[in-house]
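As structure tokens, here come the structures.
There are two complexes below, and they share subunit A, which is joined by subunit B in the first and by subunit C in the second.
Up next, the complex of A and B:
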């Protein structure tokens, strides 16, 4: 393959930011992320925070679906577990340091991930999809129960605490943004590096052919469960940040719709790549907002027309996911790759 | 004991409907190897189509009066000496509804068949040969498209639709307890089981049934034997959508029209996996089991627990027997 890059050492080949366009892009992205809150209004920041949280969750889903090849339609449950763990921890110990809560949420979600991962040792593909979907329904059912209502608020949901960092309460969107985005960047970096290790490559081997991987000496048993745990841990972290970010949570927030949205983000972005979830999440979460603006302009804010907005959004989501599957199965990231390949080879590219 | 029998009857009746819905998922899977997550929403459309053709259309100004309510002279005479709330009165009011019920069923079957052909041609055909993952996700995408379109087209919720059969309470005594059930539900159960049996016979004895089974067995060999495989795909979707339309009509008469019917379809997916994706007998068994289990849970623990029964049951069954009760174990080639 013509790449346009001349490498003489393996370390150069392994590097994440080996070429100058990548380095420049990274610096530009970091500067843009740092400057955004200074120029953006609260609406944009709310959206940005939401996107950042979703990116964490989708990166986690990518570990399982994109890299290990196990299907899940139940990751909303881990999201819920992370969020409700945060609420419960603050209920018991009101002044917990947010990063400690984050770690607890991650640990609890990872433990549930191992539990949910048990069916993956017996089944895969469709059966696993339905097993995780069932697990999602069961977790939400438990959250709604009376006897857990002291910690979860039951059916009617619960108010969530604000993060307090060194005596400074993060109330504004701006402060929250600066809390969430660095965590997102660290978790992205971790995911990117995970797949440069022996363990990460073992997961990829399992995805490509599980029995071949087993023959090579990779224990399917432990790797699948660990993959589930890592993936759930990411969603748990996202859930924890979600609880800090929004004033209240409801069990319904984390239902099948959220689980499917996570998968849609992943498919739209491109599976098995770190940048895929980023692109996919940005696209999928921006679509309803763009639709909303277009809709408001077309209908002039007519209340009757507003009723049609939610069905229209559903249809747009459905068409997007089917469209991507038919026309661009590798997701947005493959468009991105094609673009950079073009730039790299220029002027010899077609 | 009497209570137990009462809930057993309720369970068997809802199990029959589960079986009718599961039928659609299994037939599509057998022929095309696609597991249709959107089957519940296909049923939702069937229910709304039934509502459109059995309630909305007869109300329209251009329809003749006898469609709205058919009152021949002999029926008026028959009704005259029937006391109100008696079986006789219920039958009489059902007879006067028959034209619009038939119109509704015919319309729902035709419209749903058209919808399924459209889906098969536009969504499933281009994805032929893709991974299971892509197939599952495209049907998941369909869920959203169908749900959104239903929300755009029909804004009605919890509307009443005419029952398929005459609906009067039947009371009888067993083990010293008073039991009762609605004749309408009994009629629904009979329809469901009859459709199930009819489909079995079609698959076993007719030419196109054999073609479907051959395709399920081995696609490329079926091609080589001169079977028109794409047409088999279409006919599998047709079976699913038409049985789904009847199931939708039944569900609409039981619980009223609402988008929740679509979600109900997902729980049927759990039932199907429990029985074994490619086994009609296993699915019938699982449907009855889940129906009865749900009724018993409702009796002992309450309605909200009944909702998650299929999901808990499928998790347990998958862990013990990954391919369901009677499903065929997949053999992987290295």
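Up next, the complex of A and C:
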């Protein structure tokens, strides 16, 4: 029976995709991602773009919650900062190269992350969750202010710029998809590798027992704030791409609801694993749409039937999530692990 | 390859049909598709659930009468939860489902979100529940329209009525939302032009407002009139109740979403008659005002025929949805009669050409569409005894 993989080189030991089935799976996934826009309509591309952007944000939240063990209910605010920073940059400098805007959005969100991460130095757990809640309200309050409306649009929201790459304006959802998905993949790879570094392992040590980590010489002060900064930076990147992807943004887009959605995606996918946010986001964003399609087919779009079925759809989604958490409390990623264990041990696996 | 005589005849017949039939028959699908996003769950579920019947009944009535241009219509309604992003996904899915000839949006947020994308193959004639001033803009929103006056127009109608009645001071109380703030700047200008002093501008939360605090400020400012903006089912009744309990005599006024009889009746039943005398602007006639309103009579009879328990009243929110659909039908008929292809551009051109239109009941007089809106309304007053809104002004054009 296969119980492990025999590696003869350090490079093999360091590889992320250690077996050929995993490598084949990765290639297949990349090909599927590359081909999708060629066969999908705007509706599918809209969902795909949203999911890709949310994955970046949830991966960022995972750095903080999953790997560092610090709870946050305020990451929608960093998402908003990224989006509004993009709008503001283009307002002041209309021809800014999108990747420069992305870096600026990341930097600004990271700075706010440090600011709102300060309470983590004194409190943790539910207390920290409550403290981070304030980020939603403070940032949204600022966005709505009339004196900032020139850059934010105030309560009315604002139209957003299109990304222009080397003279080519990314207007179609297909073009935007090809802009967003590679960035998502790079950020996923960065997150995966972050926790193979000394710094990443320090964060994991803090999560597992913070006072033990401190005794070992890890500065909690520095690492917790850096974790907040990285986490917020991911959300800032997601916000930037959100602003490019949608033609307009409103303050309501980034409220508490978004922060909670990010946490739900993370919990459903599995915390402390890079692929957890991917699975969780796909599940949480896609299932409501699938339910909509199913119910629309059942009702044939009839208004009277929709009046009855629409609330039932929300109930069905809720029941699905509860059932899922009962049967897969470690998240979707545990199913993924079981699948690969099965593949690894085949033909001896059960 | 040898061609048989029968093949040649078939090909000829097909070519003749393709070239001699009206353009409309050549270009279009078997049925006209209408789709809508309505908030049937979420914070405005009440409104969505009340508007939805308009769509089912419109489909049934149109198809029973032979469709439009001889083709049936298909109406597909989807829930948005009042989240613009969801409504956008609904819209894209509807677009992916084949030719779409009209779309009804559920909010200003959705209309703002989708507006810039309506171009080329993605263009479609689009109405909505919103009266946001930014949507009545043919240059920037060439495919969007509203079936009534903008919030700015509604404010203007109220201020003109105040001026006509000799009013000198007014307060603006509005929710801290895009909906609430929409007409405020315009309201300031109109008030200044009419010689009315704005003695207070008070911003409240859209839900769960601090009523005592706002009432105290109203008492200090002591305006003759107070215009409320940006509320649907909550806050405005509590504000009026709080002010009356405080002994304030200011005349409260509202705009479309704060003028629904069903809400006013419910408040009266549950909390007493303090809404008595409440006034506001309404673009449409209330449904019980059926004199010289053949459309209303016909709609009432139809509703009675499908539901013997129909109470005889159609909420104004449903009337707005129905009017959007009726305007689309009117444009469709005109495009088809003119033997033009049914395209968003042709439909919107017909919309812009609507002049002196008799709606059969919605409006008290023939109306024009100017700048993708119908800029008129009338001031109504609520009576807690009769539980009716009755007109206290003529139709005011803006």
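Observations on the model:
One rule holds for everything that comes next: the second predicted complex is superposed on the first by the 318 of 350 C-alpha atoms of A that agree within 3 Å, B and C clash if a C-alpha of one lies under 4 Å from a C-alpha of the other, contacts with A are read in each partner's own complex, and residues count from 1 in each chain.
The rule is short, and it goes like this: a residue touches a chain if its C-beta (ideal position, glycine included) is under 8 Å from a C-beta of that chain, and two chains touch if they have at least 3 such contacts.
Predicted model, so just to flag it, every value in this text is computed and none were measured.
Partner contacting the larger number of subunit A residues, of subunit B and subunit C: B. In the superposed model, A:133 makes contact with subunit B only, not with subunit C. Using the contact criterion defined above for the overlaid structures, shared-chain residue A:165 touches neither subunit B nor subunit C, since it reaches no partner. Contacts of A:99 after superposition on the shared chain: neither subunit B nor subunit C is touched.
Of the two partner chains placed by superposition, only subunit C is touched by A:43; subunit B is not.
In the superposition on chain A, contact is made by A:313 with both subunit B and subunit C. Within the superposed three-chain model, A:343 lies out of touch with both subunit B and subunit C [touch as defined at top]. Residues 144, 307, 310-311, 313-314 of subunit A are contacted both by subunit B in one complex and by subunit C in the other.
Residues of subunit A that touch subunit B in their complex: 71, 73, 118-119, 122-123, 125-127, 129-131, 133-135, 137-138, 141, 144, 211-212, 256, 260, 263-264, 267, 307-308, 310-322, 325-326, 329. Of all residues in subunit B, only 35, 123, 126-127, 130, 132-134, 136-138, 140-152, 155, 263, 266, 269-270, 273, 277, 304, 307-308, 310-312, 314-315, 318-319, 322, 332, 334 touch subunit A in the complex they form.
Of all residues in subunit A, those touching subunit C in their complex are 41-44, 46-47, 50, 144, 154-157, 159, 246-248, 250, 252-253, 289, 292-293, 296, 300-304, 306-307, 310-311, 313-314. Contact residues on subunit C toward subunit A in their complex (touch as defined above): 35-36, 38, 40-41, 45, 49, 52-56, 59, 74-79, 81, 84-85, 88-90, 92-93, 95-96, 109, 112-117, 122, 134, 176-178, 180-182.
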